[in-house]
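Two complexes are shown next, each including chain A; its partner changes from chain B in the first to chain C in the second.
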Partner chain A sequence: MSLQLKPVTRLQLFLKEFIMRNSDRSFPCRQRRGTKLTTRAIFFLFTLPAVLLYLYFIVYPLLNGLYYSLTDWNGVGRSYQFVGLANYYKIFHDKTSLSVVGRTFLYTLLLTVICTALSVFLAILLNREMKGKSVFRSIYFFPAVLSSITIGLIFNQIYNSLLPQVGSALGIGALSHSLLSSGKTAMWAILFINVWQGTALPTVIAIAGLQAIPTEIRESAKMDGASAWQEFCHVTLPLLMPTVSVIIILNVRSGLMVFDYIKATTDGGPGFATMSIAMEIYKHAFTDMKFAYSSAESTVTFLLITVIAIIQLWCSRVKE
Partner chain B sequence: MKKKLLAVTLSAAMTAALLAGCGLASTGSPADTDAEDVSADAGAEGTSDTKDADGKIHLEYFNVKSEVTGIYDTLIEKFEEENPDIEIEQVNVPDPTTVLQTRMSTGDMPDILSHWATDPVFKEMVNNDMLVDLTDQDFMKNVKPDMLDGVEYDGKAYCLPISTNAAGIFYNKDIFDQNGLEVPTTYEELIADCQKLKDAGIVPFAFFNQDSHSGQTVELLQVSDIPDFEDAFAKIYDGSAKVSDYEGFRTAAEKIVELNQYAQDDPFGTTYEQAISDFANGETAMIIGGIWMIPTINEDNPDLNYSTCAFPASEGMTTKVPYQNDHCLAISSTCENKEAALKFLAFMAEKENAQYYADQDGSPSYIEGVENNNEASAPLLQYFETGEDIGIWPDQLWQPGMIDSLNSYADELVQSGDVDAYLENIQSVLSGQ
Partner chain C sequence: MRLDLNEQERKKKAFIQFLCYLFLIIGLFLILFPMYLTLVTALKSPEETSRNFFALPSSLYLENFNQVIHKANFFYYIRNSLQITVCALLGISFIVPLISYSVARNMDRVYYKLIYVLFVSGAFIPFTILMVPQIKLMSMLHLMNSWGLILLYWVYSLSEGLLLTVSFIQSGIPKEIEEAAYIDGAGVFYTFVRIVYPMMKPIIVSVMIMDALWIWNDFQLPLLMLNSSQKLWTLPLFQYNFQSKYTVAYNQAFAAFLLSIVPIMIFYLLMQKQIMEGLAAGAVKG
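The block that comes next holds the complex of A and B.
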């Protein structure tokens, strides 16, 4: 194994010396086994800070959470007892929990379908040659730049104060009440916010994906007499599949973990109408003083998302 | 060379940004600054107060009762005049109970906090040694002895109780006179009054369902509808009884659905502040609530001609007024400046200051010698003279964390009208599952 680049900085010079000193023949001739290990060791040392941070901030809390999920700690008290898998048993037998999971799944499905379709459609439009192309692209990307809580709070005001005024002025009964105050319409209102922001980034990804399709293929399809729709279905879409699967994965993840928009608007209400999995985990941990139960819910959600991710990757590999 | 310069500049900028973040965090709150000072000293149990850079002791007062922030601003100013070396910062945030619970679990307790002395979360704090024992303090002698038992744990006092509250119906006297209505003494009379108002085109009630009014009103109904409710909740929790054994849960549920038919337009889109404002400005005839609303009503409309009455029970049942300790002050055991904090509590226990609080808040005080001069709350407070026919707010009897789920189920009940589903749901919450 040899250093491919010429040492430029002093650090690299130092390393080269250090490695050379540990070999009894000059660099770049064949090195002894010991040196291979030492080189590897140095590279490992370089990654150590990142690894340590990752272990401390991601792995340790994960394992800690797993441990707490096997207890009955309420999040505040000094003492707790070990209860084994009792929390997990409760999760699968809690009616409200199951309806929350169902609601989150439905939300995710709708979000993914709408966002993916919309972003591909917008990408095709924004990929055409026209005046002000980059201006339009910036405008459509803008929602992704704002923080989700900010957008949630702004839409909260729109739904609670602005729309009812508009609705009653125009005489539309359905709009005269805040959309967030009825259990039937609240989740749809939040879905709209999520779609509004969630289409921005996938659109840009889809544009990049479209640009990777060579134009010759499209032109040859046109010459063979394919209509725009046929061209899209049989030429563009198959070649766009890798990008589309990335977009789907992003949307599914964002849909399953939806929290910010709900917290900023209805906080799970009215009743339990806008409770999502993430909202429930938060509520159980910090409001209901059921920290251990919440940890168990987190673990189950983690496994659920992992399974979904594996299925998605397998599906997209099969498609390719 | 250019590249190297750019690389170095960027790294320096990044490092500066990192360190700036660290610097800001450590000067975050006054309590933190004290902590830094103390760590430099020997720092025993905080018996010696540490002064900050400007020679003053900084205390953080976390106030969970948003209605009285104005009252405290005035009182704190007076306290700081009398004690120039102490500065108190009042902190009042939205959703204060959740914020406090988060701070409890991370060990970042405020120096002084306000709370409710019989609240389940307060009990949790006492059980985990998070609060300073105030039993032997001189100022505790100012507290009325017979009221003090109600807020003690194992004979020890962990807070200075300030006021108690009572709940019922606020009604607009002018609207009642104009429509020839009398104060209802039974639930049936109340509904008849509501119907008359509705027919006359006046909105009977202001409900703030966005802020858990459903849950609160259900509790109020349960106090009268379930004759031995204190027992009932204990039995349901330990499994020796069920929700279905008590008729009162069902009637309370049916009543809340019925009452909401006399609510204003879009009660789920109405916040607590908005509903009080609607009542104060004469847009609704009544609002169901407690005397903690009085300061806000008076602020919104000082000329409102209103009074209170107990929420009437059904014909044949006894009307009871719900009450609880409305406000108390406690010191956290992690406070670095306990002597200064104790001075503030002593200040609040002085008759003069407690009288000011009682006058502004309208609530009966725990402090000896304080008179209650508030006319509006008189009809409710007469129930306290005999001490019969008052019941503690049910949520004080529940486990910590139950109230949130029960409030959500109450919201669901009002939206759907499905009493059976509601009763099933509260059964699982109240039994601890």
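The block that comes next holds the complex of A and C.
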């Protein structure tokens, strides 16, 4: 049977192809070609709601913001003028803007270092064999599911109402005033809130990262006589690096964009002591009527973040 | 000698174990202490709090809750939040799988590849950069209300949702099943609804959980969109405005915080595993 069907000559080959093509062109195939067209159309229709939403509510405002940043529009008036790069010039010559950027960067750096170190440390502790591990884990993760505004407001009350009373009762001068009312301590108090909540999610990610490392590798290092510290530095940490870089990216993002905690506590004050980039853009656009200026600030922030993202990508490439 | 060494080793191990516990318990204390303060302050009268802030309440004092629930109308804002979250999730559970399926199955075509790159790079754009022109757009469209907010949640769920769902389809749903359906004469729409969508359930559920937490807890978008009209406030907005209104009556403020924590805590206790996995996966992928 199989011998009979095997095409031997070119003619037979040709015939076979011809018959196959012909049978393809016959009735069932026309139907298939028809469905192929509608298949494409339906796939295209599937993307439409999302694509239209995305183009109109993300891409269009992004370009629009770029355009506004070149004008002097206040956000409500009917007329405005095209002023070129004047807003950008102002940003780079405005001392408060520059200090806000500097403060946000310092804040981000501290947040990233503290949260990353703390979350890796906690993950190692929580990954050990011990009693009550799951209870520890669920409590350590709990802050991540709470609203940042709830946390911010709770700490605001603690800083403003409870701590000063404790401070004066115990006779600690530094604590008898609210930590948030002094320009020197306010940003640190906010950083503490952010660390309190912001460590939870990275800890879970780090635990997941640790569990992905095969135990044999770590055990064989121990068999070779490596101390726990050596094993951590030379085996665990290098293997954990992809996870750590995810945690760093996460922290850098939340640090640069910090808003909720500040809004819940100091609203940027006292003075400008706790103004972050996000707070500044918000204030300028929605209360100070400097709409075009805040658009320019948004654009500069966008560029900054892009540069940081590229540096981060480049760093992780180099390491690999 | 040998025994001695073993003994030492064991002592060292026990000591390390002890240190671990010590650190973890200190951390536990740091996490639970603000929660404890919230609880006891909410259950005490102002007079009792000023006498001793840390002690447990001497008797059950529920006046704070009474004030928050009846005078400040707490449940009204819970309902607002619930409505917005549910409507947003319904839309997301429809829009995201649709586009993800067609992108995942047409990655070889330019249009779909372009969509994918465009959407995924959107995940790196922080809201702060978009908020100024976007809120302007919304107010021009007269959408500064709950529907506008829901619409923006749909928009903002796209990037991360697409990223997670596409990789799930590509690695988790074999093409052969769909092809078999096509051969049997099923159309794309039918195949999607009856075969692919049910298979996507796990990833849709984890995207939903992530988005539910985010939308329920979100503060910045509602602040920008709804703050001027009190009857539209969501729970986070209510808490924020309640606090600024009653700065002195902090016992009531704590009662409001406690009441706002309770629903999310129940949700967490019920779905802890899924929440942990979902949030971790979302963060790693995003």
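FYI, the second predicted complex is superposed on the first by the 277 of 320 C-alpha atoms of A that agree within 3 Å, B and C clash if a C-alpha of one lies under 4 Å from a C-alpha of the other, contacts with A are read in each partner's own complex, and residues count from 1 in each chain.
Simple rule for what comes next: a residue touches a chain if its C-beta (ideal position, glycine included) is under 8 Å from a C-beta of that chain, and two chains touch if they have at least 3 such contacts.
If you're wondering where the values come from, they're calculated on a predicted model, not measured in any experiment.
Q: Touching A:F302 in the superposition: chain B (first), chain C (second), both, neither?
A: In the superposition, A:F302 contacts chain C only.
Q: With the two complexes superposed on chain A, say which partner A:L180 touches: chain B (first), chain C (second), both, or neither.
A: first
Q: Which holds for A:I277: it touches chain B only (first), chain C only (second), both, or neither?
A: A:I277 sits against chain C, while chain B stays out of touch.
Q: Compare chain B and chain C by how many residues of chain A each one touches, and report the one with more.
A: C
Q: Looking at the overlay, what does A:L162 touch: chain B (first), chain C (second), both, or neither?
A: The answer is second: A:L162 touches chain C but not chain B.
Q: So, does A:S227 touch the first partner chain B, the second partner chain C, both, or neither?
A: neither
Q: Quick one: classify A:G75 as touching chain B (first), chain C (second), both or neither.
A: A:G75 sits against chain B and chain C alike.
Q: Which partner does A:S99 reach: the first (chain B), the second (chain C), both, or neither?
A: Touch status of A:S99: no partner.
Q: Going by the contact rule set out at the top, does A:L146 touch chain B (first), chain C (second), both, or neither?
A: So A:L146 only meets chain C here.
Q: In the overlaid three-chain picture, which partner chain does A:I154 touch, first (chain B) or second (chain C), both, or neither?
A: Second partner only, chain C.
Q: If I apply the document's touch criterion, which positions on chain A are contacted by chain B in one structure and by chain C in the other?
A: In chain A, residues 75, 160, 286, 291 are touched by chain B and also by chain C.
Q: Per the contact definition, I'd like the list of chain C residues that touch chain A in the complex.
A: 16-17, 20-21, 23-24, 27-28, 30-32, 34, 37-38, 41, 50, 53, 95-96, 98-99, 101-103, 105-106, 111-112, 115, 118-119, 122, 124-137, 151-152, 154-155, 158, 162, 182, 187-189, 192, 213, 216-220, 223-224, 235-236, 239-240, 243, 247, 250, 253-254, 257, 260-261, 264-265, 267-268, 272, 275-276, 279-280, 283-284
Q: Quick one: in the complex, what on chain A touches chain B?
A: Where chain A meets chain B, its residues are 74-78, 90, 94, 96, 160, 164, 176-178, 180-183, 268-273, 283, 286-291.
Q: Please output the residues of chain B touching chain A within their complex, sorted ascending.
A: Residue positions touching the partner: 98, 101-102, 104-105, 121, 124-125, 127-129, 209-210, 265-269, 399-402, 404-405, 408-409, 411-413, 415-416, 425, 433.
Q: Mind pulling up the chain A residues that touch chain C in the complex?
A: 35, 38-39, 42-44, 46-47, 49-51, 53-54, 57-62, 64-65, 68, 75, 122, 125-126, 128, 130, 136, 138-151, 153-158, 160-162, 165-166, 196, 201, 204-205, 208, 228, 243, 246, 250, 253, 256-257, 259-260, 263-264, 277-278, 281-282, 285-286, 291, 294-295, 298-299, 301-302, 305, 309
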